[in-house]
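Below are two complexes that have chain A in common, paired first with chain B and then with chain C.
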Partner chain A sequence: MRRALACLTMLGALLGCAPKQAGPVQITLQRFFGACDAEYGSSTNVAAAEGECGIVTTLINKFNAENPDIHVKVNVVYWPGYDQLSAELAAGDPPDLVTMHQSVISDYAQRRLIMPLDDGLASVGVSPASFTRAAREGVMRGGHVYALPFDNWAPLWQINMNLFRAAGLVQGGKPVLPHSPEELLAQARQFKRATGKPYLLQSMVNEPAAYARNLFTFLMQQNAVIFPDPHHIRLSTPQAHRVLALFKQIYDEGLTSKDQDYTAATSGFLNGQGGVYLVGTWMIGAYEQASKQPGSPLANGYAVVPYPQLYPGRDATYADGHSWVMPTAKRSAQKTRAIFRLLRFLKDNDFEWSRTGHLPAYRDVIDSARWRALPHRAGIAGLVDAATPLPPGVQRQFIIQQIVSEEMESAITGQKPINTALADAQRRVNDVLFNLL
Partner chain B sequence: MGQTRHGPGRIAATAALALAALIMAAPLLWTLLLSLKSNAELLRGTGTAFAPPYTLQNYADIFGHSAVFGWLLNSAIVSLGVTFGVLALSSLAGYGFARLRFPGRDVIFILVLFGLAIPEQSVIIARHQMFSALSLHNTYGGLIFPGLAAPFGVFLMTQYFRAMPKELEEAAWLDGASRFRTFWKILLPLSLPAQATLGIFTFLATWNDYWWPLISATNSDMYTLTVGVASSQMNFAQTNGLGFLMAQAVFASVPILIVYVIFQRYIVAGVSRAAA
Partner chain C sequence: MKARARDAASGEALSGALFVAPYLLVFLVLLVYPLVSGIWLSLHKADLFGGSQYIGFENYVRLFKDDVFRKAVWNTCYFVLLTVPALTVIGLALALALNNGTRRSAVLRGLFFSSSVLSVTIVTLIWRMVLVPDGGLIADLLASLHLPSVPFLSDARLAMPAVALTTIWWCIGLPMMLFLAALQQVPKDLYEAAALDNAGWWRTLLRVTLPSIRRTALVVVVIEIILQFQLFGQAQIMTLGGPNNASLPIVLFIYQIGFQRWDIGYAAAASEILFCIILAAAMTQYLASRGRS
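Moving on, here comes the complex of A and B:
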């Protein structure tokens, strides 16, 4: 009997055990961007690190090395990690800092699941005035800062200059870009006649967001009101019809690649299958590297620019960004101070992060010579002013993008009339927004 | 009319089976092949997989992650814990339902069978809240306890014990054995084939489980292998990190492959028995 009791006690200890903390203040930082311990596990050389994972890993290593009184424990989660975060919040055991897309902040801020950071950031000398406009719009809700912005990203026109040159679409070493839907169609036809290849490369299959980003961008350029209020979307409009009709015509005339998913389109651009690939800032590094390899279809022939302004409203491109939020929980003053020291450190190293290709979230980095000296950055600097997030109060932006993309795909590929697809998208999104708690 | 050993019918059947085997094995071989290529090469196209150079870098990247052996250990503890727990509880419950007479037995048995019809998704929120209240998240208990409720195991063992001749027990009782001793020394050893079937399937299901560990073991120290390897993927891993992704798939499946090889005989017998 005693033996059985002893066994039960040991079993209970085993089952109930949890790691204890001691020594320096421990901050739990939860992030996506993957794990790369094999290459960067012990490196503090941020300048030598490459890619999102490498740079963020070495940044945290460096912070730990420079701040022996603080230990940042990193929880790497599968992208985007919101299932885990929600589970942790429900269990009352959230991490101290979490990576969050700026488009998702409203979902958590509305429910007070993340904390305003105004006072804490001020205590370490970080002012929202130092943020870029897009970053500020991305992280502020109701006049409060809910996150430290890390970057902004937006879809871009990634251009194969070798094919553009063959199509006669290069002048003065720069790509000739359209300034209206008509010019876009004309240049795309010219490109196809000259090269036999589609002008656009697009991820069009199993694509949860790219269609919506295109639509939002070209609606913004027409000064259309997409969300009259945070609980309603307005898509049954002539402006939206115009955008879908343009993309449908591009599709019908074979001026775009078809039936490619993200992976196929990404490698298709590397292999010279088309002129312009509509994809975000994060691919700049990979394509820049390819442009330096002799024999690559992009060899000495890669450029990247913001979306051209096709409509005479304003220069705008849909944008989102990564940021750091602090989930609501009781924390000691010592730990809170440590968290804000880490946030200050991340802010101070935003240049290093911007080497990933993402846009810096801070004006001083954008204006710095070293950022503009990075490949192609001068060309996309204008994006800082054009980058426009959706209105800050709009929740469920991930699912909204997915719904809009599904309906756009139906319209562009001819499965639904454009008006029907827009009406369906509007109804479905408004259903989602109506049913919010 | 019989066929000769090398008749055209037999050759056609063998060819058809070989083709089917190839179709079945092709995705696995493709996964293995891709895992041996660099991510940069695969970004240009998967056609490069058919030509050298090949590399073990993706595997080195996995083993270079300091936490990977912790994830393996966690998966082993949880899978073995659930497996032994299910075997013990299902055997005891199965024996009780098959051999004991007590008020409400049939009603309780039917209630247990209802458990087969309840999908995990429908109880996950309630379970998560309950485990939160008991502070069981991020513990081995939190990962093991949900797996112990195994209606299929109870059903399987009940049917197995029912099929055993009662004379075996009666003989033991005549020799003065208690009911528990009869169960432990006579019936339990005879139920080993069913135990093996149940144990193997429970182990495999627990090893491969992703959802519950994802939301219960949120601390990276408590990740199981499935959650751990998923967390180490980069964004757009299917595009930018395809070789690493495939190496992870191979790595995660190796322990399962070993289980299959060792227990192949029991697995085949178990599947046949379940089908019967």
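Moving on, here comes the complex of A and C:
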């Protein structure tokens, strides 16, 4: 009995001391863009994938297949996922790579919650010089690169050309676009008279950002200074009043859809409920697919253009971008190398990602013939110059968008006078910025 | 003899303390400590990721000046007024109707309780499908009658009643079960005596049933007050607190301030206010009922 116990003890000790079998290095990647495992769960055919979710899923599958020494474990979060990330950071258990909007990077970089990537990116041959201007401005803070840019995006005018044609708003095969607020109203009225449908489709319910993006775009077009400094916003201005008055008139005259949330407006455009859907680059791929389906209200009748310039200041559109950040944590050198190999892979596949509709984050892709050959890209190429993010030093940009959108909604739907809503938005945003530690 | 009695008493006290100790420990660690540290945090300007500065009662002053917070307090009280009486009355009515041994009542009890086991996400998705003006169930019914759809979730006057309706559907199971349990405790001889006195259904209800389940009614009201003051998921998923903060409850306000703005000192101050409101509401109800009895 005693001998048997001794043998068991020795066996246990030997097993305990045995070196662990070296497996692949595991990287935890946390992203939004949705889940589509049923369709793309095991696919590595990136070229055949469609949409944000399909392309990013197959990209990660392909990386895992081509790099047997690394395993990327994906954690999909509900958009935008920052509440979850904040909780993980507070608990000291962040993932290794996270999708992050470039407008949010300041919040995390300021508190050193994400790591500068300069040296790591250099080690895999990625230089900030290869980024587009918008991408470089989006991911650099204080002279350091805090993220690998993945794309830039902006809200666009997605157009149902079949309805535009019925309204007499197509000339030479191209949509007739407004060049002033007055022209916008005139064309919207003409559209409604001809089709009986609203000119604009908008996500107006449960909408945390779209109103603010419209306001910022048309303020930029008037050369208005939105943030005189990173701690103050300026909204009680004639320029802002002008924009809200325009959208209120559009609402009051029934020239826009009402009471639709994002899902309803997105499918409403597919179903031919209106002429122009104000939504970002990410829908180009899906609507392009719909335009190829016979019988669809968009069949052979889909176009997409940047926001038209309504004010004689400059051609500008509010823009943001997606990027990959590395939360601050202790990691082995092996794991860090693996993360940068993945980042290099994502950078090398930026063209595939740009098929979603987003603007490429790298100059060689945006200058390439194959990107320009993608449907509608020539029409939105101008965005490369027009895309204008908010000043990078401004923190809490998501919260700011939310507050501004709330107050804009109040004004446009008639719950508050425009001046009161603008004053309230300015006061509330400045309160948030004032109380930052 | 006395010494032995003293020893026995102290032994009893010790074993009693040992029995209470685990609960007391959990109570102190999970309730008292967070409460005290929350109060302390509310006196600071503090960031979720470090950095804090003692500012006394400044967060409370800021709260009382904050239009959005004041609106959230009103919204929450309005929501409690919409839901708690309805949950109590409907729960009691269902319990009275289903307090019998028939198979149909057993099935209906299960059916009415079944909504309570669903998660808030499922419940709100179901009700969104009912309420949305673009293809929702009610909109389709109205359309079949050639009536315009009603924007329940985007009209400032209707958003909170829509959230309340969803909540009543979701939460009706618990009050119904509590009332059923209480009704089954009422001695049968009271009903026999009432029947001998030729008391009708209404008189029996007022003179026998309701007095007998008075304490349960109090429990239901207090529990529901405490639960409904903590409205969060329904408002977050259905309306995001909108439009124009018309359906923003206090807990969603706290969540947004603490986890999205990282202003946890301010969020802690709002939490303390909510704690005081719930305590006051529940205690008022409790003391009022005790006074009557």
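The rule we apply is simple: the second predicted complex is superposed on the first by the 415 of 437 C-alpha atoms of A that agree within 3 Å, B and C clash if a C-alpha of one lies under 4 Å from a C-alpha of the other, contacts with A are read in each partner's own complex, and residues count from 1 in each chain.
Just so we're on the same page, a residue touches a chain if its C-beta (ideal position, glycine included) is under 8 Å from a C-beta of that chain, and two chains touch if they have at least 3 such contacts.
For clarity, every value in this text was computed on a predicted model and none was experimentally measured.
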| item | value |
| --- | --- |
| Touching partner for A:366 - first (chain B), second (chain C), both, neither | neither |
| Touching partner for A:342 - first (chain B), second (chain C), both, neither | neither |
| Partner chain(s) touched by A:432 [first = chain B, second = chain C, both, neither] | second |
| Touched partner set for A:259, first chain B, second chain C, both or neither | second |
| Contacts of A:76 with chain B and chain C, given as first, second, both or neither | first |
| First, second, both or neither for A:111, with chain B first and chain C second | second |
| Partner chain in contact with A:90 - chain B first, chain C second, else both or neither | both |
| Which of chain B and chain C A:390 touches, first, second, both or neither | neither |
| Which superposed partner A:98 touches (first chain B, second chain C, both, neither) | neither |
| Contact residues common to both interfaces of chain A (with chain B and with chain C) | 83, 87, 90 |
| Residues on chain A engaged by chain C in the complex (per definition of touch) | 82-83, 86-87, 89-90, 107, 111, 113, 204-206, 208, 258-261, 264, 268, 396, 398-399, 406, 409-410, 413, 415-416, 424, 428, 432, 435-437 |
| Residues on chain C engaged by chain A in the complex (per definition of touch) | 45-53, 67-68, 132-135, 149, 151, 153-154, 156, 238-240, 242-245, 259-263, 266 |
| Residue ranges of chain B touching chain A (in the complex, touch as defined) | 43-45, 60-67, 128-129, 131-132, 135-141, 144, 214-216, 218-221, 227, 230-242 |
| Complex contacts: residues of chain A adjacent to chain B | 14-19, 28, 32-39, 41, 51-53, 73-79, 83-84, 87-88, 90-93, 262-263, 266-267, 270-271, 282, 286 |
